[in-house]
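Two complexes, one shared chain (chain A), two partners (chain B, chain C).
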Partner chain A sequence: MEDLKVVGKRVERVDVRAKVTGGALYAADVQLAGMLYGKIVRCYDHAHARVTSLDLSEAAKCKGVIKVLGPKDVTQKEYNASVLDMMVSADMRGVLGDIDDQSIFTDHVKHYGDAIAAVIATSEEAAERAAEKIRVTYEELPVYMTAEAAKHPDALQFRPEKPGNLAFQLPEMAFPDNAYAWGDVEDSFAGADIIVEDSFYVPKQKQCQMEPGTYIALYDDQKRLNCWTSTQMPKLVQKKLANLFELPMTRVRINITVIGGGFGARLGMVLEPETCALAMAVPGRPVKLLSTREEDWVTSPSRHPGKYWMKMGFKKDGTPVACDARFENYKGAYYVDASGTAFTTGAWLGGMYKFDSLRYRGESYYTNQSICGAFRGYGNPQTNFVMEQMVDRGCAELGVDPIEWRRKWHKTIGDDGWCIGVPYNSCALDECLDRASAAIGWTEKRAKYKNQTGTVRRGIGVAVMNHTSGAMPMLLEHTVCDVLMHQDATVTINLACSDMGQGSHTTLRQVAAETLGFPYEDVHMSVGDTDAAGFDIGAHASRTLYVGGGAVKQACEDVRRQLFDRAALELEEDVGNLYMEDKIIHVKGSSNKSISVQTIADQGVNNFMNPETGELIGQPGQIQGYASFFPPHNAPPFGATIAEVEVDMETGEVRVIELVNAHDVGRAIHPGVVEGQLDGGAQQGLGMVLTEETYYDDKGICLNNNFTDYKMFGPSDMPKMTNILVENPDPTGPFGAKGVGEAGIVPPVGATANAIFNAIGIQILEAPITPEKILKALAEKEKGLS
Partner chain B sequence: MTSRVMAEFDLLLPYSVSEAVTLLASHGDKAAVLAGGTDLLVALKFDYAVENIISLAQVPGLDKLTYDPEGGLTIGARVTLVDILKSADVKEHYPALWQAAKVFATPQLRNTATVLGNILRASPAGDCSLALYALGGTLTLESASGRREVDLDDFWLSYGVTARKNDELAIALQVPAPQAGQKSAFRRMTRVTEDLSKLNAAVCLQMDGDKCLSARVAMGCVGPTLVRLPKVEKILRQAGITPDLLQEISDTVASEIAPIDDIRSSADYRLKVAGVLVKRVIMLALNGGNDQ
Partner chain C sequence: MKKHAITLTVNGEERDLIVSSNRTLLDALRDDLGFTDTKYGCGTGECGACTVLVDGTTSINGCLTLAATMDGRSITTAAGLAHDGALHPVQQAFIDNDAIQCGFCIPGMVLKTISILADNPRPTEDEIRHGLEGSICRCTGYAKIVEAVQDASHRMAGVGE
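Up next is the complex of A and B:
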């Protein structure tokens, strides 16, 4: 292994001091002179209704009110808050069926919390008081909360161009038979000895990031639209807003404020369109929009819930012959991310095991739920819940050990990855399984927990996963980075990648320092201003370190090359004869011939003339590095989790006792950052499988868009947990690194479900697996036996 | 829907109990009392509006928690959950209350929430109020026209409604001194650790060897108010506590409760596990707080 000085070290995170002292400036903390406040009037009485009258007059008379805006007072352009259309080619956009079906304010309420109108006032209080005076009457429409309801022939149509309320299915043109597939599943099933099949439900999990959506916009005296937002995707949101308000990109500026968590909730636009529409109505005055938690909940996307059917066939010797699956998701009121997750949910399925044949169908149906979109894992936790339980059912019928089976049949180097035609180039899943198994004592515990009879029974279960680092070749993977060398030989890295709390600005800085051969302290990250930064598709798909890091590395190599070129000229030596140590470039084998980086940098800027000779001192020009980087691959992270649980047979309560997560991370640029991702991911994974779900009543009114009634796993719920970092450098990642932002959430989902199966002998098919469901299943089993 | 803006109110700051009750006499039907505020502030951010808030912050003497082997425990109106947890007397003599305070809400809320506030909230899911229901107690209410005592057994009238009149200030709760052989315990079920109860139970038993001389058994989340389980109490008093008796108790509980479906659980589930919970809380009391 090469000698690394900064990479692999637990350096101090760039954001840690500001965050722990309260100094970090979140959007809510930003105060601008002359600030106005917006309040959006939302429909909380119905999930599906037509506005029959809207009376803004009383609100307009209220104290402090500057303007009241209805649907006709803002741009009439429709839009799609998602940004998938900007990450695929124009041709693919058509194939994926992207449509613009959202408007700033609507007279057709399609979900609980849809926006009707807004008030702009001199204080938050005045805006809210006035908003209460806006009178709206509605004509109630039937609600469709599930795919089954939405596809009913008598159901109202959400969009004329999407008959049957089928927002998206895998398009025939790219996916024959509307399926992501290889082989012939019917043929393969015919040759199977054992077939397992079931229908599952996966829940509408919410990201629950700490910072609720807060935005500021200002249409300034240069007719520029400025927006302060904690978006995960500054450059794409800049372009989206430019399109929506029909402005050139030079007249739209995004300022990234400190992001209080993302997890996908800030992918694409959320309330940027509304805030900017308000600002356009009051040129010269900044307008701030602060969401309540409840409002954030129903306006930002959730995980895609829905029915997930799966069938698997095996030979007696365990050979996986066929897998057939269909995910019908309850898309929500608008098209946002209808295509992306419907596809990737199957991609993760296809990327895991060596089935002879596989067929996956993904369909998104419009419903009157709030929108679904990106959420850490992007379909992978859903697939893990279903696929891994089906594998364990197969293993139970085959009488084989679940770890042995997975070890034998998972895809590896050379096999098609999650994208058919793009083979895996690295895989350390075997080592993950071996080390996790040894760490928790799998074999002994698995044997010990057979034939339990007590009130409290233990179980142990495993799950594995594959994911991605960036979404090449599905999405346009491209990040631009430039590096400015100052005359004192420190550097500023300029790029658009957001750090949503995962630590990416720290790890990118480590990559820069290591590449340059400079101390960590000599590098500064300049981020968050779309005026300055070049293109990037945002912080998502576990891509920031892999693609952003690739860009940083390439731009820093450019700087290094320029330094060496100049040193070669000054020292009159070949570049090949030079090496750098402690920011001094030396000539190999010649101890007294050297030049410092400091001298090169200074002379480049302060390129004075020698008054005696009349010659310029040193090589002129400030050094700047640049990269417009397209990664060659998607460096697949793999991972395994083993979970041990205890189930109370009298109450159905589940206690998670221990989790061991072993992940193939390529290279841990900052081990603490990686562990943080795995810890947080596991916490959200446990929540998804055990407690988290968004509940609606039969009228589509959301019952728990708040922390009182939506229950996540908190620190006190977490079990003993061990993270094992398997470092097997990927040939394409910066210093071998793979993305780890999403991997951590995935396998705890399937592993916990399988541990419960191991403890009670029953598989619970609907997540979250609550005590209520377990007790019901136990009672039914008993009834069946008696 | 929660608002970021509270309705306007006048904040009144009495410096004595007599000033407080004078204010209540004139504003009682248009005033709320603020002690810990953990329920009141949530309500104010939701849809509750009130003209006056009478804060007890400056009223001396209400923060006293005292224990006397003869007279029992006196809990002042401003005694917080953390005060309860810090009291060795409570831990030793009233384990049900200590156990309820231990799991109550979150550390931040325990620093400010008051025990009396939990009683006055009249929630059917209250944890401390349930423990005190099992332990028994008398609430002292004071108004401009004098003092009166109300037994906790008669205090909760229906969901969110108590016997306190608008002009009355709850001063303190008196919990009787433990009888010889008294054992108590509290136990609850939640969706996650830091949560409101979806089912809770508390018992106070006076034991003479294996025999139970008297019993108070209370449950929450099974009706519009906290409830006592008289049939279970009667069974407990009949004979020595054996596995068979515990099973009989467990089977009886469902007939004494009327739970509903809500976001936290279902009526069906509560009916099924309430007996298990009562059985376990009795065991917990008998084992001196050790879960077996």
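Up next is the complex of A and C:
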């Protein structure tokens, strides 16, 4: 790799000055002339009910109320807030069976917080006061909170086209026997010496991004629908809104506001349809919709919870012969990402180890829970909790070291990746394991923690993961990038990739500067205006640097090529004889023949004629670069975490003492950005495995949709953390980079569970692993022994 | 609802306003005075995104404070920390330590840090972590925020010495 000047450096991020001084404008901070405020009336009394009467009249009389809207006052079109259906071909959409089953307001409440009606008023307070006057009566319906309840033959059907409340299963047409599979698992299990099997539960975790959902919409005097939103996916949301409101894309504009965290909660649409429906009802007036934290919790998607069964078979020598698994997730009230997560949860499983045979079945069942969709890792943390505990149980029965076994049997270059048919093209997992193991003192600690007897016991555990950079080949991957060269030889990069705060606009700018050979300061990022930017899938699947970066690199190479072509004409030399240094293009071996980029850029714009000769001075035309980039691969990130924990046998409390995260990141374009992703991912992974779950009572009423009752890891809960960045450039990534957005959340989940297993000799099968569950398991073990 | 005529000195500038008894300081700052750098994250005093400083260095949650009770007091928000284009050392430390991701918690974190360091100019790592409890960040795992506070502590000690 040539000498890199910007890539690999800890440059100042593009957005931090505005953020640290409070100048960054999040959606709630945007104030427009004549702004009105919307308040949605939601059902918080039932999780499943029919609306028997709706009386809007008292609300309409309230001070400051402009309009009150019921289900009949808005578009009757149904929609699917997810954007997965736009990432596959029409044929595949048919095969998958994605459906539109959401409406702006409903008379059939399917979850706690479902939307019934709305008020538009001159202030937030007036809207809230009027909303309280809307009278709704309900007929209660039976509540189905789990897949087991929803699939009961007597259960009411959520959708006629989805019998048995089975929103999705891997379709027979693409997945014979409704399974993602290779080999013959039954045959392979017959040849196994050791078989381990168990049924797990993975929890409903919430992203808890700090900025609650806020949206503004304006149907303006040009009959254009403008929406200010912090969506992760501006171009797909633009198209979704265009479809929903039957407008051409030219009449729908998304203005991206600064995104206060995403983690999947803003993947696809959230409350953009509702906000736009309100705005369409009051043309010419902007309408702002501010969610409370509690409201955001139950209206934006959560992680898919559910039952996850797994069985693994091994030969005595450790050979993994078969893996069979089934994930039945408790989808929630609407379809949204029913297909995506049900598949990928198995894909990450399939991408990890060299089983002779594997069979995975994924099913999404409608339930009366709030919707589930994308959350950092997209099924991978669920698989990590189950797969990595099963591997450790196998290792315990085989009597082999968990790191040695993983080192020997993980998939690597040439093996099928998370999608069969796309083999891994890079893998540095061995180095991750070796360096993590050395950093924490694995061998010594593993020996030391055998046969403990005290009240407080220590344990150390490992987990590995594979992930992806972009969703190719499962989903479309495509980013368009334009580069505009100004006459002073600075450039503006224009694209639609959102930065959720992870630092992608910074790393994309670094890729641009490095490719152009310009200083970082000479590059400006213009992002998030759907009027100006070409297509982009959006920020998901750890793809912004890999795919967006690929587009930026290609567009900047286009600019560089044009600069060199023009320099060659001006200098009357072959392009091959030229090189650039400090924005001056020189002729090799000739010290006085050169032309500056500044001159080329200026002459392109200010292309005057020499009055004496009648010739144009320099080459005409403002330089613009362009790329419409489809990535060739998915540059697989790998990672390993080793966790050390302390378990109190009397209270069941777990303290995480240390985490070492070693990740194969390809190349760290900005090491601080990468470390930040691993640090933040770990906080969420630890939460998923130890403390975080959204709870409901048996009537489906949510019990902890707030920061008081939902426990995340706080500053003093976090362990000592060490991040090891293994830089083994991917052949297809920009400067070798792989995605790192999601990887960090994944292996802390399995590693922590395995560390607890190591400490207490019992595997806890339900996450989060709370003190209650540990005490119960310890008591059951004692009972079994006595 | 009873109204109150109050005077707040926000970031050094005196502001007169009329607020209802139930108006929170957060809403008064954001909606009445335009200090949108103070954020709503939960409304229940759990997340600290609405943290402001009162009379110098005492941090409070704007969402749990009624504006009328702040009559005559001096309030500092993140927008009031930089002077003549130079950032406050705590702000600079957050930038230099890569402690900022989505940024939504950051105005509150910076102000909380100022209050921690005012009470205890050279805190240990444990003291920093305990001091930051009540300020939620979902992006950074707190690692780089803690480093930023340590760095700020050094910088401010250097300035004072």
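The rule we apply is simple: the second predicted complex is superposed on the first by the 785 of 786 C-alpha atoms of A that agree within 3 Å, B and C clash if a C-alpha of one lies under 4 Å from a C-alpha of the other, contacts with A are read in each partner's own complex, and residues count from 1 in each chain.
The criterion applied here is as follows: contacts are C-beta pairs under 8 Å (C-beta built on N, C-alpha and C of every residue); 3 or more make two chains touch, one makes a residue touch a chain.
Quantities reported herein were computed from a predicted structural model and do not represent experimental measurements.
Engineer: Which holds for A:10: it touches chain B only (first), chain C only (second), both, or neither?
Structural biologist: The second partner, chain C, only.
Engineer: For A:259, select first, second, both or neither according to whether it touches chain B, chain C, the two together, or no partner.
Structural biologist: Touch partner of A:259: chain C, not chain B.
Engineer: Looking at chain A, which partner touches more of its residues: chain C or chain B?
Structural biologist: C
Engineer: Once the structures are superposed on A, label A:676 by its partner contacts, choosing first (chain B), second (chain C), both or neither.
Structural biologist: A:676: touches chain C, not chain B.
Engineer: Regarding the shared-chain residue A:21, is it in contact with chain B (first), chain C (second), both, or neither?
Structural biologist: Second partner only, chain C.
Engineer: Thinking of the overlay built on chain A, is A:708 touched by chain B (first), by chain C (second), by both, or by neither?
Structural biologist: both
Engineer: For A:128, decide between first (touching chain B), second (touching chain C), both and neither.
Structural biologist: In the superposition, A:128 touches chain B alone.
Engineer: Now for A:650: first (chain B), second (chain C), both, or neither, which partner does it touch?
Structural biologist: Only chain B; A:650 stays clear of chain C.
Engineer: For A:501, using the defined touch cut-off, is the partner it touches chain B, chain C, both, or neither? Pick first, second, both or neither.
Structural biologist: Once the two structures are laid over each other on A, A:501 reaches chain C alone.
Engineer: So in the superposed three-chain picture, is A:775 touching just chain B, just chain C, both, or none of them (first/second/both/neither)?
Structural biologist: A:775 contacts chain B only, not chain C.
Engineer: Based on the A-chain superposition described above, do chain B and chain C contact any of the same residues on chain A, and if so which?
Structural biologist: In chain A, residues 124, 290, 292-293, 706, 708, 712-714, 716 are touched by chain B and also by chain C.
Engineer: Please give the residue numbers of chain C that touch chain A in the complex, ascending.
Structural biologist: Listed in rising order, the residues are 30-31, 34-44, 46-47, 49, 77-79, 81-82, 87, 91, 94-95, 98, 100-107, 110, 126, 128-130, 132-133, 135-146.
Engineer: Residue numbers of chain A touching chain C in their complex, please.
Structural biologist: Those residues of chain A that touch chain C are 10, 12-13, 15-26, 28-29, 31, 124, 207-212, 258-263, 290, 292-293, 500-503, 672-673, 675-676, 679-684, 706-708, 712-716, 718, 721.
Engineer: Looking at the complex, which residues from chain B come into contact with chain A?
Structural biologist: 1-5, 189, 191-196, 263-266, 268-269, 272-273, 276-277
Engineer: Mind listing the chain A positions that touch chain B in their complex?
Structural biologist: Per the stated touch rule, the residues are 44, 124-125, 128-129, 290, 292-295, 650-653, 691, 695, 703-704, 706, 708-709, 711-714, 716-717, 770-772, 775-776, 779.
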